[in-house]
Amino acid sequence: MDSFFSHTLAAILTIGIISFLYKDNPLYKFCESLFIGVSAGYWFVQQYYANLLPKLFDNLGITRMLGAENVPEGALQKLFLHGEWSEDLLYLIAGILGVMMLLRLVSRIGWISRWPMAFIVGSISGLYFITYFQSNAMRQMQNTILPLNSFNNLVLIVGTVTGIIYFYFSKEHKGLFGAAARVGVYFLMVTFGASFGYTVMSRMSLLIGRVDFLFGTWLGLVK
Amino acid sequence: MNPDKPKMGFFETIANIDRRVIFLFVGFAVIIPVLLSFSCREEATPIVQSIFDKIESLPEGSKVLMSFDYGPSTVPEVQPMVDAFLRHCCEKNLKIYMMALWGTGHNLISESMEDIIKEEFPHKVYGLDYVNLGFKAGQQGLINVILTDLKKMYTTDALGSEIDAVPMMVDIRNLKSFDLILSMGGGFPGIKEWVLFGGDPGNIPVAGGATAVSAPLLYPYYPRQLLGLLGGIKGAAEYESALIKGYPKFKTYSHPGIDMMGPQTVAHIVIVLFIVIGNITFFMGRKKEEEEKREGGALK
Amino acid sequence: MKTFSYSFIFYCLLGLILLATTDGLAQVESSDSLLSPLLPPSEVIAEDHPGDAGGAIIVRWKLSPDEDKGITGYEILRSASPTAEFSSVGFAATGANRYVDANTEDSLTYYYKVVAIDADRNASESEISPPVRSSPQWFNFHLLNLLIIGGLICGAVIYFIAHAKKGKKFFLRKIAGLEAVDEAIGRATEMGRPILFIPGILDMDDVQTIAGITILGRVAKTIAQYETKLNVPTSRSIVMSTAMETVKEAYISAGRADAYSDDFVHYVTDEQFGYVAAVDGIMVREKPATCFYIGAFFAESLIMAETGNSIGAIQIAGTAMPAQLPFFVAACDYTLIGEELFAASAYLSGEPKQLGSLKGQDVGKIIAMLAIVIGALLETFFAISGSSFFGSLAELVHKLFSIVAS
Amino acid sequence: MRRQIPLIITFIVGSVLIISVFIPHKPFGQLGENFSVYFDIIAVFAFILGAGNLLRVHGNRIYRKHKDWPYSVVTVAGFTVMMIAGLFKIGGSPGITGDLTEPGSMFEELYMYVFTPLMATMFALLAFFVASASHRAFRAKNKEATVLLLAAFVILLGRTPFGVKLTSWLPDPLSFLEIPNLASWIMSVPNMAGQRAIMVGIALGVIAMALRVILGVERTYLGADSE
């Protein structure tokens, strides 16, 4: 594409999105609609080439059946051509679950689509159970077990413990317990304030990048 | 007529200012400095200066491993750091070994080689002064392996030459052969993995640069496990200034970090001013409506 | 005879050459050891790496007594037979007395040697280790602590669920964000404006999305009782399917199957910012009275919450993304922080079984706090008194919570 | 039965994945990794539902002449063009193994000049919203809000040259009060404490929710609220 044309196109789209800050307008609506369409199309294609092809078709050997010869034989070829069992054949289960998902469209047997959902939710629950437990709970607790020989360690331990007290559900936050929970809230507030203050910084560089594009790359006004 | 009345009205107007006015201020705070190429002086803070001093202290021919652990989306923030590190190492005649833990890092190495080394230091020779080891999958596992045996993973360089045919690779055995590891990126895998799986077990100094968002997560490692850290554009700008201070000739080179700090600083000041004004107007307004003060709360 | 003599001469020569070389080598070695008498590491033991899927062997040794005399590290050599040639498998730093060879075949027997090396490349070999084989295990004992503590917490949760089933009531503190749900829905009904529900931008393979969908189910059940329009744009297809199913059932169970429409839930795009552009558009055009942001969020959190604020909507957010919490706290009326997000659907359900699980969760908190406080006190006593009793106790607590990367 | 089978699937899959962590032996050790591949594959099939829904919603708008129907045409056209450009690799090397993002191909050009500027600008809007949110929310309304405001303010100042100069006159014994030092102390001590409390809480929340799901106590997501 001609670079002035393509830059102008990109600049119009940039201005279109920024114009939303003033108010909703036809140019923004156009950019928004275009963005939705193009990005949905983009991910559709990406899903096909980055997930379906390598993860299902290559492993099963469907890519090869479709005529790609530089791809090694998959599980189906191994089974039917050589009579060998291959672990990759298990990907067929994923394929079947995927097809079950599509059965939503057939209202009579649409309930089958709950099976892949149950599979997903069950496995996520199992997986996250362990990963969160290890890296969020155990590791953080271990890191907090420190000798109380410095001010910083004291603050760290008091902050962590009172913070946990704030989340305590089954006891009313009253009296000493309530006071501890309030200290916990202050620690949470410092945490929120600090991350907010810190992020402001990196958000600016994005805007500078766009301004630089508009006035520098497109209009050539910078240096 | 009560002279205070119109004043309160004024504060109320400010307190309920149309957000578009704020947007306008932020817009100008960025556009004007960009157009005027306004920049301000940066002083290197200790966390940045310590990296500069370390590279400064390395004797000629020392080996520096640079790991490109970022992708296109963070290029605006991370590339200035990479450029500054590369220039400093080239200037000090250090041997540069470039690799990537991120798949996207591969192209970024080639681009950095073209834009900085070949362009600005044309006398440097590939294979003698710098080498591109390319991307290898394995994340922290890769670091773990090359801690003991680098050539097990890297049998060739990124251009496909036999690894022992690259002169500067001959006396490289493992990570401990390097005098410094620099990791640029800050996501996963990145600096943290280099510290935990490379620097700590191998007792090799590790430093690097990270995006502003990920830098806070790395502070706990400084200074014991992490020699120094460039956090976001500000870190890059500080390093560029340290470089210019030490080698005035770099003043004429591009310094995107410093360039971006100008608009950024102005924008920050605008935001700080808005917070201050917001609070002043709030307190002025509260005098008037004492009864409302116990309502609400940030956590509510 | 001729052949004999030729081969005889050949073998003699070969023998001479070999003799010469080995002799020479021996000389080099002995002269080396004269120059720097580097003592080898001793007691090399190799054993199967415990708690893994096979394919790894741990080699341990006693450090060379010359550890401080400039040893730069230990090279680990391996062979399939004590008499065959040994080849290098890895390198361990000075002071290290173990190495994991993660590249073994379970069907083979291996022998190991450890070589101390100094800066001048002098080397000194240990004795050969006894034979070893790697094998997979059925239980990873490194994770025993995980099993114990995890078992305790799970046990508590299950115990209180069972307890609650029998009708035991627990006290539960109020969570402001959840108290406000009914009010927020009522307000939308009064104003005749829709309710917007954003279940985060990640797919169903994130546990926060699952929490978001369960809360959507509870919220939809309340909405179904009013004549209020619900709008759920999603950025993932599976989330869309699940959300549709959930909302539909909520309407059916509220006895309002007639009021349900498939248009409530719709897919927009997988692209993070494309999705935000669309949500912002929906907000300024449909002017929802109430916005829920419940699930996993990234940078888009503030864009949506600020736009929602500008149209004057009541906003209730909930996420476990620590980096986005401050933005929701700043821009929304109510925020469910981390754990509160996961507890919310149990709260909203009001079912005793679900509420019981929250009580079980609190047992986990008590364990965490006790561990931190006791561990810290033990560490402090150890630091002050130097007593090995406290030292070993403190180490025990540390070990209890340590995760060994396998 | 229709309700029972999904609950049984959830129970079996969930508990097997938890148990498998403790069993390194084949085939349990790899189950977790395999799952993410399974999920990706199911997600592709589901995408057909998503894309279908998108086309249905916008198709309906066009058909019913909804007031914004021309924009729906833009969405449908954008989707179709991008999909055709990608699936058939227009302007690039065709064939099933051809490079999708080859420079010069239509897919790549659309990505570079349409998708990227839209994405980057939408992201950049954050700079404005951060400012308006700070103006409105950072007020010392009560004690909690004051703490939040102070922490944010110190961090913000610590990252500008102005803030650094503000306190650089402090004598050495008081140097810990210099804003940059104060900022990094806040980041690494009280901020860390708060983060840890949040993280431990999240872990416990996830554990309890996962158990509710696996045991079938929580079944809203299956639409099985009514028994």
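Order of writing sets the chain letters: A, B, C and D. Residues in each chain are counted from 1.
Just so we're on the same page, a residue touches a chain if its C-beta (ideal position, glycine included) is under 8 Å from a C-beta of that chain, and two chains touch if they have at least 3 such contacts.
No experiment lies behind these values; they were computed from the predicted model shown.
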Centroid comparison with subunit C (C-alpha atoms), farthest chain: B
Pair of chains with maximal C-beta contact number: A-D
Interchain centroid distance [CA atoms averaged], subunit B/subunit C, Å: 27
Subunit C-subunit D separation of Cα centroids, rounded to whole Å: 18
Subunit A and subunit B: spacing of chain centres that average the CA atoms, whole Å: 23
Euclidean distance of C-alpha centroids - subunit A vs subunit D, Å: 4
Residues of subunit C engaged with two or more neighbouring chains: 146, 150, 205, 207, 210, 238, 241-242, 245, 268-271, 273-274, 277, 285, 306, 322-323, 325-327, 329-330, 337-340, 343, 358, 361, 364-365, 368
Interface hub residues of subunit B, defined as touching at least two other chains: 19, 23, 26, 30, 213, 216, 234, 267-268, 271, 298-299
Multi-chain contact sites of subunit A, meaning residues that touch two or more partners: 17, 20-21, 29, 31-32, 35-36, 38-40, 42-43, 47, 101, 104, 114, 117, 120-121, 125, 128, 130, 132-133, 137, 141, 144, 157, 160-161, 164, 167, 185, 188-189, 191-196, 198-201, 204, 206-207, 209
Complex contacts: residues of subunit C adjacent to subunit B: 72-73, 88, 90-93, 99, 176, 306, 310, 323, 329-330, 333-335
Touching residues on subunit C, where the partner in the complex is subunit D: 51-54, 136-140, 143, 146-147, 150, 153-154, 157-158, 161, 203, 205, 207, 210-211, 213-214, 217-218, 221, 236-238, 240-242, 245-246, 248-250, 252-253, 263, 266-274, 276-277, 285, 299, 302-303, 305-307, 309, 320, 322, 325-327, 329-331, 337-343, 345-346, 349, 351, 353-354, 357-358, 360-361, 364-365, 368, 406
Residue numbers on subunit A that touch subunit C, as the complex places them: 17, 20, 23-24, 28-29, 31-32, 35-36, 38-40, 42-43, 47, 101, 104, 113-114, 117, 120-121, 124-125, 128, 130, 132-135, 137-139, 141-142, 144-149, 153, 157, 160-161, 164-165, 167-173, 188, 191-193, 195-196, 199
Residue ranges of subunit D in contact with subunit B within the complex: 127-128, 130-132, 134-142, 144-145, 148-149, 152-153, 156-157, 159-162, 164, 180, 184, 187-188, 191-192
Touch list for subunit C against partner subunit A, complex: 145-146, 149-150, 170-173, 204-207, 210, 238, 241-242, 245, 268-271, 273-274, 277-278, 280-281, 284-285, 322-323, 325-327, 329-330, 337-340, 343, 358-359, 361-362, 364-365, 368-369, 371-373, 375-377, 379-380, 382-384, 394, 397-398, 401-403
